[in-house]
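The structure follows.
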Amino acid sequence: MISSDAARKIIAAGEARAQAIGVPVNIAVLDSGTHLKAFSRMDGALIGSIDIALGKARTAALFTMPTEVIGEFCKPGGTSPGLEQTNGGLVVFAGGLPVIDADGAMIGAVGVSGGAVDQDLDIATAAAAALTH
Amino acid sequence: MISSDAARKIIAAGEARAQAIGVPVNIAVLDSGTHLKAFSRMDGALIGSIDIALGKARTAALFTMPTEVIGEFCKPGGTSPGLEQTNGGLVVFAGGLPVIDADGAMIGAVGVSGGAVDQDLDIATAAAAALTH
Amino acid sequence: MISSDAARKIIAAGEARAQAIGVPVNIAVLDSGTHLKAFSRMDGALIGSIDIALGKARTAALFTMPTEVIGEFCKPGGTSPGLEQTNGGLVVFAGGLPVIDADGAMIGAVGVSGGAVDQDLDIATAAAAALTH
Amino acid sequence: MISSDAARKIIAAGEARAQAIGVPVNIAVLDSGTHLKAFSRMDGALIGSIDIALGKARTAALFTMPTEVIGEFCKPGGTSPGLEQTNGGLVVFAGGLPVIDADGAMIGAVGVSGGAVDQDLDIATAAAAALTH
């Protein structure tokens, strides 16, 4: 079970990285049951990215995998065409990651949106690492 | 436009009050256009209250009024039967309040859910007052 | 078929009345097939009333009746309990009116929301009368 | 905050351009929070384009970008496959533009639909320029 304290550390680590690279983003933290635990929209972050940050975190939590790995399954020629339409719609590009605690247990997921896809992934990686670094 | 800093103060003030009265709650902060700015679920808060906290904040932002005032309009014998069915569904019991800044401008709304209705209102009142006290 | 010119006159007449009584409102004009023809949100009008103005106009167009007359049918003891849940949800309090042209033909409907229910009806009445006065 | 006066100028500029090129269209103007401010369907414009004009304006407001730029992100081989499924569904072809005021601030968005895509963009460009020309 992800704690409020852990969620705050995840968002703070993500926002610190976002500020370092100069990209305002939305950051969503869900528990392992996909329920919202904490959220922050940085000043200047796109409002269209709120839903995407939430969707990336939900997708990562549902499959315990980075969102872009799930995206590989539903690419043309992939193993699972239409996978992205299941579960009410997934977000299958980079920026959603499972959150693993210091004991190696999956306790939730983080989703980042607002920058270019590689920037979102960079920030999500920093956020997800907050509990193990 | 509500800032991240303001949103954090609103949530901190609400959580401080919630801890003082011993009730874990969900707190949602939206901007004046009803878009999510920040959210926090305290440890132990009901997951069924996440959607209610979001809905209370959205309802208060849409009408620039406390949610229970909107509830009066749609009570039996009220002026606007079925009002709660508009806008994709409103939450019309206490716990959602507009957020007014020190200059008197409506800059967003806060929604609280997880306790009894009077506790939610108590906590929302403390949260909404964070910017003017 | 309601023309753009007629829709503009309806909105202008409604806004003139709204300014005269000091209530900023949303005004929606639909054609007789319930499709949006024109819309205006006056400065300061509630954003939660956008959906209600649209809903009132749609309800009036669907039944060729004032919305509050339809509301009578679904009141406790009325002839048609649950009528307000049909057609994807109706708005059954005052402020939606059919628009009748100078020849007596129903060419569309107008919906007003933002004030008290009697104010909305007052403004809708002025708006709907624009083509016959 | 976009004013009624600004919205009227945007629609008038769009309709003047639409008449000049002989294409009846729907024009939607939203505020920066994606809420409807004003709408006009010209006589003869397709009713199937009402929803598209609204969707283009919403998409441009959500991402502060022309809709066709967002369309690039979700093309085959683009960075964000499935982006168009987020936010309840986006409209990612040309005809939706942010509205920038004379001070350079994004105050809303305009969406145009009813003609060919390049005509819609032509008209939207004229509409969005109304406040700075």
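The letters A, B, C and D name the chains in turn, as written, and every chain counts its residues from 1.
One rule holds for everything that comes next: a contact is a pair of C-beta atoms (placed from the backbone, for glycine too) under 8 Å apart; a residue touches a chain by one contact, two chains touch by 3 or more.
As the structure is a prediction and not an experimental result, all values here were calculated from the model.
Trainee: What whole-Å value do you get for the distance between chain A and chain B if each is reduced to the mean of its CA atoms?
Mentor: So the centre of chain A lies 26 Å away from the centre of chain B.
Trainee: Measure off the straight-line distance from the CA centroid of chain A to the CA centroid of chain C, and report it in whole Å.
Mentor: Computed from C-alpha means, the inter-chain centre distance equals 44 Å.
Trainee: If you average the CA atoms of chain B and of chain D, how far apart do the two points sit, in angstrom?
Mentor: 32
Trainee: What positions in chain A touch 2 or more of the other chains?
Mentor: 47, in rising order.
Trainee: Based on the touch definition given at the start, go ahead and assign the chain network to line, ring, star, complete or other.
Mentor: other
Trainee: Determine which chains touch and list them pairwise.
Mentor: A-B, A-D, B-C, B-D, C-D
Trainee: Residue numbers of chain D touching chain B in their complex, please.
Mentor: Result: residues 31-35 of chain D touch chain B.
Trainee: Would you pull the chain B residues touching chain C in the complex into a rising list?
Mentor: Interface residues on chain B, with respect to chain C: 33-34, 59, 61-64, 76, 79-83, 85-88, 90.
Trainee: Per the contact definition, I'd like the list of chain B residues that touch chain A in the complex.
Mentor: Within the complex, chain B contacts chain A at residues 1, 3-4, 7, 33, 35-43, 47, 50.
Trainee: Okay, in this complex, where on chain C does chain B touch?
Mentor: Within the complex, chain C contacts chain B at residues 46-49, 51-52, 55, 71, 75-76, 84, 89-93, 116-117.
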